[in-house]
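Quick notes on the structure that follows.
The letters A, B and C name the chains in turn, as written, and every chain counts its residues from 1.
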Amino acid sequence: MKSHRKELWFELPGRRGFVNITPDVEQALAESGIEEGLCLVNAMHITASVFINDDERGLLADYERWLEQLAPHEPLTRYDHNKTGEDNGDAHHKRQIMGREVVVAVTAGRLDFGPWERIFYGEFDGGRKKRVLVKLIGE
Amino acid sequence: MKSHRKELWFELPGRRGFVNITPDVEQALAESGIEEGLCLVNAMHITASVFINDDERGLLADYERWLEQLAPHEPLTRYDHNKTGEDNGDAHHKRQIMGREVVVAVTAGRLDFGPWERIFYGEFDGGRKKRVLVKLIGE
Amino acid sequence: MKSHRKELWFELPGRRGFVNITPDVEQALAESGIEEGLCLVNAMHITASVFINDDERGLLADYERWLEQLAPHEPLTRYDHNKTGEDNGDAHHKRQIMGREVVVAVTAGRLDFGPWERIFYGEFDGGRKKRVLVKLIGE
């Protein structure tokens, strides 16, 4: 069994944003030499997500608005978590909706994707350096 | 390490619906000959889900109503994504709530399930052919 | 390829609660002898979750309130599922928001975590014995 590990680093300027990281994951897969297996991609931070959906600008704007409705950033007093001195209570909730991780099949050395599947990093508490982990196992 | 790949195809007549695909996944597992490992089951489309819950008709009706409250299909103008000419903006949101994939343990050649766990395909933009991927790795 | 399986058992006194199970998963990993691989941790019940977030009391209280807003326990008649005689329709919904499972990378014999990642069992229909499955594969 082979395994391969790679960290992807991000520093988004604003509080929130989405980044298509599919090419980075494909590169990690190429480095691994794995032909058949599984590829885990997860946020290493608890105020960020990794998810799979469509790379369409309107949709990403829709997600932004919808997540803000489901878990508004303000008022900060909405969240007990913010009593710790943080202002990111909402980010911990948005991340639960969008998810921590994806697991993608590797077949014949490629990410085994449907036609529109793309991997995204979802940032909900940006302005600092944060990481995504790519872990591949297989043969 | 062994691996096995199988696609399951669906064409649900209506816009939305749920299908218990546990027997199909069990069959893919039997074909694989794998005794110990992991089984990934994921929607290959970004307006559909794979999830695990109870095969109880009332619950599935509850999910349908709840998802429509959280991300209504109409008005279509609610979603920037629909400016592309699509009418499935809601489906991309419903899918995030229910999830893209499940990973199931394989133990002694069986899906290692609690008593009520069943795998479902959740369709949120039906009326056309769509796929689920089953990928097994193990020994 | 090695594999290891362990069940964790819980009986929470109230209807709902969160338990940090990271030490239990670390112990299962140590027992496995696996250095490189993947660790699946999933609820075996469909009214419970396994998720990764911060072990901060305020945040867990926020989740409790937020989930009750998104899928209230009462009125029981809100859920067709409760016509079966159950009163846990809400629990099946809360579990979908928080998720069934996590997959964690194993690197150099450790859970490959960011600084604040902790694994939680989320109970939404307690007062009885329930299980979590830990399944490890790797080398």
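FYI, a residue touches a chain if its C-beta (ideal position, glycine included) is under 8 Å from a C-beta of that chain, and two chains touch if they have at least 3 such contacts.
Treat the numbers as computed from the prediction; the structure is a model and nothing was measured.
J.: Compute the rotation angle for the C-alpha superposition of subunit A onto subunit C, expressed as a multiple of 5 degrees.
T.: The two chains, subunit A and subunit C, differ by a rotation of 120 degrees.
J.: At the subunit A/subunit B interface, shared numbers over all numbers used: above half (same) or below half (different)?
T.: Interface between subunit A and subunit B is built from largely different residues.
J.: Hey, how far is the Cα centre of subunit A from the one of subunit B, in Å?
T.: Distance between chain centres, rounded to whole Å: 20 Å.
J.: Got the subunit A residues that touch at least 2 other chains?
T.: 1, 38, 70, 97, 99, 103, 137
J.: For subunit B, which residues are in contact with subunit C within the complex?
T.: The contact residues of subunit B facing subunit C are 1, 36-38, 51-54, 56-59, 61-63, 66, 70, 97-99, 102-105, 107, 112-117, 137-139.
J.: Show which residues of subunit A lie in contact with subunit C when the two form their complex.
T.: Against subunit C, the touching part of subunit A is residues 1, 3, 5, 38, 40, 42-46, 70-71, 79-84, 89, 92-93, 95-97, 99-101, 103, 131, 133, 135, 137.
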